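Two complexes are shown next, each including chain A; its partner changes from chain B in the first to chain C in the second.
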Partner chain A sequence: MSSFDPFEEIPAASPGDLLSPQTQADLPVGSAGESLGVIVRGSLSKGLDLKLDPGVSLETLRAGMFAVAGGEMFDFFSLVTDLELTATNPEAVDAPPPAPGSLLRQVLAGDSLYTRAMLRPHLMVNRAEPDAKKALLPVKTIPGHFTVVRRATPEDVNRVFGSEEQSPYHFHIGEPLEMDEIPVCLNLEAFAERSNGIFGKSGTGKTFLTRLMLCGLVHKNAGVNLIFDMHGEYGWRGTDEGRPGGSTKGLRELYPDRVQVFTLDPRPTVKYDREIRIPYSFLEPEDILSLQKVIGLTSTSAENSYLLQRRFGRHWFARTLDMDTKEVAEEEDAHQGAMQALRRKLGRLQKECSGFLWPDERVVEDAIPLVLRNLEQGIHTVIDFGRYSQLIHYILVANILTRRIDEQWREKSEQHFSDPDRHPRPPRLVITIEEAHKFLEPGIAEQTIFGRIARELRKYNVTLLVVDQRPSQIQKEVLSQLGTKFCCLLDDESDVEAVLAGTSGSGGLRSVLASLDTRQQALVFGHALPMPVVVKTRSYDEQFWKTVGYLPPEERSARAREDRKRLWD
Partner chain B sequence: MMSNPIRVLHVGDVHLGVELYGRPDAEKGYGTRVSDFLQALDRALELAEDVDLVLFPGDIYKNCDPNPTVQREFASRIRRIGRQVPVVVIPGNHDVPNAFARASSVDIFHVLELDNVHVLRRPEVTPVRTRWGEVLIAPLPFMPRSRLLSLEEARGKSLPEVLEMMRSRLVEAVNLMAEEIGEYRQAHGERVPAILMAHYTISGATFGGYGKGALLAPEIELPLGTVRNPAFDYVALAHIHKHQTIPPNDFTGQPPVIYPGSIERVDFGEEDEDKVVVLAEVTRGHTSWKAVPLHPRKFLTLRIEADEVDPLESIKSKIEAKKSQIQGAVVRVFYTLPPGAPNPPEREIRQALEGAHYIAAIRRENVRPEARSRHGGLTTQLGPLEALEEYLRTQPQLQDLREELIERAKPLIEEIASRE
Partner chain C sequence: MSEPAVLGEIVGSDSQGLEIECHRLYCAPAFGSFIRADCPSGISQFGVVTCVRTGPVDGNRIVQAHRMAPGELEQRKPHLPSLLRTTFTARVVGYGNDHGQVAATPAHPARLHCFVYAAATAEIRGLTATPGFLRPLTQIPDAPLEDLLVAALQAAREAWGTDEKLIQWGKYLARLLHRDYVTLEGVFQRLGQPVSSQPGWEAPAAFFGQTS
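And now, the complex of A and B:
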């Protein structure tokens, strides 16, 4: 045994040793593989207590970093969840020794006084199993007393998270805490299989993280993206909050041949590929229901839109705008006040959306089938809202479009299930929505398309990428369906609670989450990763773009020039 | 001088050599339908008198092996026009052979180096001199998939991946040309107008009656955003037979993105389509245009619910009512009769159709033809062979022939697919 062992006879130490205690294995302080100490206490349900070796500098440890407890058969991969100063003899702390660096302090350190780290094991790795995949097991036991714990090495991280070379879907998302240049990879195929969430209070880098994941999905062909881009962050250019007035590349600029931007607000200052106009008849009562809070309708009023649709048919919206409210209310035996309120609010809706919501006869090109065709062909599509970036616009358009997609994907999937040889499965579609809680809050999620997708549409190859700062407002059932969650810093206790609900070891993760940096750090856990991990997320910069298939314009031109000779002559 | 607009005649798919629904004409050496197409072409070229540039963005012929007579007819016209104004041709999918080294049907003009006739076979910006100065042509001819497949990086790719790669390369080709146009303008003046000529489907285009052939191999679609690049002042397209702008009914958008459509009707699917060529006035930053009708051969489908008591008479009277439309038209007659009633004599129906250019079919329909064509199992998702099988499954009277029909269909389908 090479580590600190309280029962082993300690050889007489020279004064020099006392002044600078020797750390293990001749590794420099804080480096990978450095032994940290031994397990002294623990339970399967609460985690492990690590007594730190006296030579280990407490300040090199971080909540959220990796530590590996090397048991007899298994390596227990753990996260540091808490740190503590403690004393075997409480009197030692009652009378603090004088000056820092004094001999007395050093004598006390590691003896009467010592430091503890709380670990939460998340994975057991069977050392005897050669197959890396089979070797990873859920934690069903804990290592014994005095098991040595060390910092994780790059090999450890690799063993758990794989590398980009391992499969075409492994995607490097960032580095573990305190381990620069060691990639943590996420399996994008598993990621796109389920709905996922990116959470964090504003200013924590959610948008950059979302861009990162979208680039991964595009580059690795793990799914085709439909992005409801509320604030113009993903299309041609996006803002870079890190620099005042800064901007950064959007997906359309990174992948000019694979991404298209459809806009609701054609304007000369911004580049786009196509305009969207939505005819009145595309509106459904369901849309009004999901907008009820935004436009301030009671549910009774909102539900009257079903009645109006029954009465007027497909053109119910246009006809409602012109109807004689009193007469209709009487004939339908509906509450006149509620009907009036609905009529008034629909009028407001029409006014607020008049830039893109048009009477049927004015709409010459129905762009929605084009969006669908694009997606079917694997062209990623960004819906740009321009000045229509209020919730009323966002929810309405996202609902209408997504309902169409839902219909088509269901139909094609059913065809595929009944005759797989003849009907290819529709491509995996990932729909990104921001301010997701507005679509998915209790009372709305039950009735709208987004709630349905989050709950069941995985079967039809449609999943959501939910971006939000208030996860606590999202319906619990929806939240529990999310496969993989990225959590940047969250302040609100209820948000933390909501995000971690149903996650094993959530107690430990809570403190990890609370200690994240305000930028570029996230706790990532769920389906696409073997265990939770805190990552310093990759920077969204020139270097990153190159690794996800971005060809600078001059290289694209060079390739096109080359093609002239190779392809056309 | 530069402020003078360049007047452009933009001709869509010419498709010389289509013989369908025509009669042979020994005197001319080609059928009456070929004459129709030539006449349409002549009407179009009359307009060439008053323009500065003539564009043919592909599909001059029906296929890449046009017969010498048809070739002679086109060549003589091209030569004549070329004496007055510059002509630019790019190869379309019907012009390009699948085999790498074989020439396309329009290459000959390139080889002959006819003055003023430019055959542009690769996406490279080419300045063309007109009487009002230079105009830059960015050509995007059709590229057969087989050529892409010959690339190292295409090996082992699935069909969707190959299509993806194809689109990516085409988009890059267009972007590069836009870039080169920018460079050219920096060197030679910002006012030089530029025209993109392409033989592709732009996303959002509606297929007309002809070429709904989604049953064939999946088509590449180019995004509108790619071709509607502000570097271009006009986007001259061919490939789709129905005249349209992209997006639809966009008469003012810049640059205009236009399919004139084919110059003649090829099939009944185009019965209701107008046939036009486009005249455009191109200047840097602004182009106006109009469609000029060509008066193609009429196609007419008569659907008649025949009277049970005297079916012949009822059919004849319906035909009589359409007499003027039938004159010179390619006609087909579908009539329905209750089960059990005998067919009226076809010879007499033919007589009633006197004056028609060609009688394509006289057929009794048990079910209304629309209903049949909407058979649920037949979707655009099916390949042609699968579609045939699906169809045969629903036709009990053809069961005995089933195997043989499929056997015979196979080589035909392969041939068509390989041509694409």
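And now, the complex of A and C:
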């Protein structure tokens, strides 16, 4: 025999394996970091196509989960947006092989019949950049053919979303899909900088999510909250069907020294700190305009309120209730029918709000300046509506209060801008409103204070936290101004469309949004996060309360005793 | 260790195929089995049997029916084996030596009159370590493709002793036969069934053993 050199042994591997430039680590199926497959095609505009390795169980993948494509220079952090069963040979699908486990099935699986996962890269991480913040870049390119894609690891999540230990404003909001116990953090400082939205159809956990975010804002001192609590969910107690007694702790109970509850409906069974009584003279035509749909006014009638304010001054509301419509209409050259309709509707408003909307002479203590003082001092304030939880009450009070805040914050901010040394900037204020579309729908949003806040009050340190189940009813311009959006499950196509309008890669996010669980899951994206993420939101329970600084009363008393002792010893 | 039995010698060759005449009438290797042609260069060529035939040595002769009962033919016409020969063709699927084998076309065709043997188990494993040996088998015109693949894969499977390789070969074959799913389906349905002990293609008669 000649010295024939043996041919190098070709590794025994499947064609799919031969494409993989990296060796798979010995990781259990479904674990973080496990290789999922390779990129086979893609584009910057449409996202990437991942061909799944034959050994990866399709059922361990979820729409919305994280995957990392390890390119030559960058790690591309992506979301799985869709999954598809596909075949290189359509005949194999038309004539399915016999029993599961048969030789033919094994032969076809993973190659002739395989699974594609569609990925949407949302963030590039420069591996050569030591500064974690500078390393995060917007996606401007895509990884090449056969780039290996793996499941994200806890380190990846940490690298992208930061951790509570790294920054005083990072707040743990939940865990990514299929990655329990790995916290996703949101930057509350960035969150409070802009108006934000929490959306989802009824029963998807909007209220819990809102409580979570409010607790975060209080705990991390990222802003001061004014909460219009329409359904009594945020003050002393809130509802939680999953807990014994069906109730849970409100902000006042969690932070007794930092939160106050003002009520429109003082009643012996519910705790509160102050009552709110609103004098007639606080009402302005703008309030009537925002209520025109609720009380059934035509726009002509509603606009007559400006005319009446000009005629009667700040007491226009009280005077209108008693005016002779014929005489006023003649003198003001207005339509008498419209004037009559306005008086009738204002009469209804006065009647329905008679519990808290009082003639000026009856109001002994004006609570609104107290609310404003609270907010200026950083005391979070919950406005409890009690039994006055109809839209008419809610919109009226929210409008009146917010307008006053707007005036004050504008004034103080202007003073600060002109002389920063003498006038401190007013604290960052976050106003939480539910059923927000009633304030922000097209035609109304331009005329109400809430539309103005969403559009332009960021520079005066006032932002909104909009909670709503019908985002499609909110004016587009307002929606586009929302910095960070939490989207729980939404069914209506127009709502999905509205929430994702203007978002990069919205096509992929649409399928992610549609696949959310009905509870405790939300797609979060926008200004306060480096990339969109689907989170299983944290549970609002004892463990959470403990992490956000709650002390049970007995522990609080014991600490106070210890502090007293230390002070005098 | 006894020398392996010679199956025959090469009577025709080119880069893709070998034609071998058996040293014993009716003693051809099984269709689809792996054979080795030992060449003087020291590099053996390996092939898969694609066709076996027996006919007259003289191409101008026509074989006729003798209408004799079984056993009578051998007694009354003992000269018959000297007029007949068994040949088979093999598709070259690789080459190699004691140190290793590769599934590829050799640089030069095998020389005529080289002896041919059944490939050893280790040699079959070396040749079939990668699925490249299947490609030439799918390119033979007029061959019963499904039967050939079943036989060759069965032979290779027996050499490895497991089905692990079979799946790997199957995945490669699925790509080669992407326009012929019916054949792929047939091959793997048949390979998936238990192997039955089939009778030999034709049992050689005792006294027909020598060609002359």
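By our rule, the second predicted complex is superposed on the first by the 538 of 569 C-alpha atoms of A that agree within 3 Å, B and C clash if a C-alpha of one lies under 4 Å from a C-alpha of the other, contacts with A are read in each partner's own complex, and residues count from 1 in each chain.
Keep in mind that, in the parts below, contacts are C-beta pairs under 8 Å (C-beta built on N, C-alpha and C of every residue); 3 or more make two chains touch, one makes a residue touch a chain.
Just so we're clear, the structure is a prediction, and the values are computed from it rather than from any experiment.
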First (chain B), second (chain C), both or neither touched by A:R274: first
Which of chain B and chain C A:A128 touches, first, second, both or neither: neither
Which of chain B and chain C A:D569 touches, first, second, both or neither: first
Which superposed partner A:R559 touches (first chain B, second chain C, both, neither): first
First, second, both or neither for A:T88, with chain B first and chain C second: second
Which superposed partner A:R422 touches (first chain B, second chain C, both, neither): first
Touching both chain B and chain C, residues of chain A: none
Interfacial residue positions of chain B with respect to chain A in the complex: 121-124, 141, 143, 147-148, 151, 160, 163-164, 167-169, 171-173, 175-176, 179, 203-204, 221, 223-226, 228, 247-250, 381-382, 386
Chain B-facing residues of chain A, complex: 256-258, 260-261, 272-275, 364-365, 367, 370, 373-374, 377-379, 415, 422-424, 553, 556-557, 559-561, 563-564, 566-569
Chain A partner contacts - residues on chain C that touch it in the complex: 41-43, 96-102, 129-130, 163, 165-168, 170-175, 178, 181-182, 184-185, 188-189, 191-192
Complex contact set, residues of chain A against chain C: 1-2, 4-7, 9-10, 12-15, 88-89, 91-92, 95, 97-98, 102-104, 106-108, 110-112
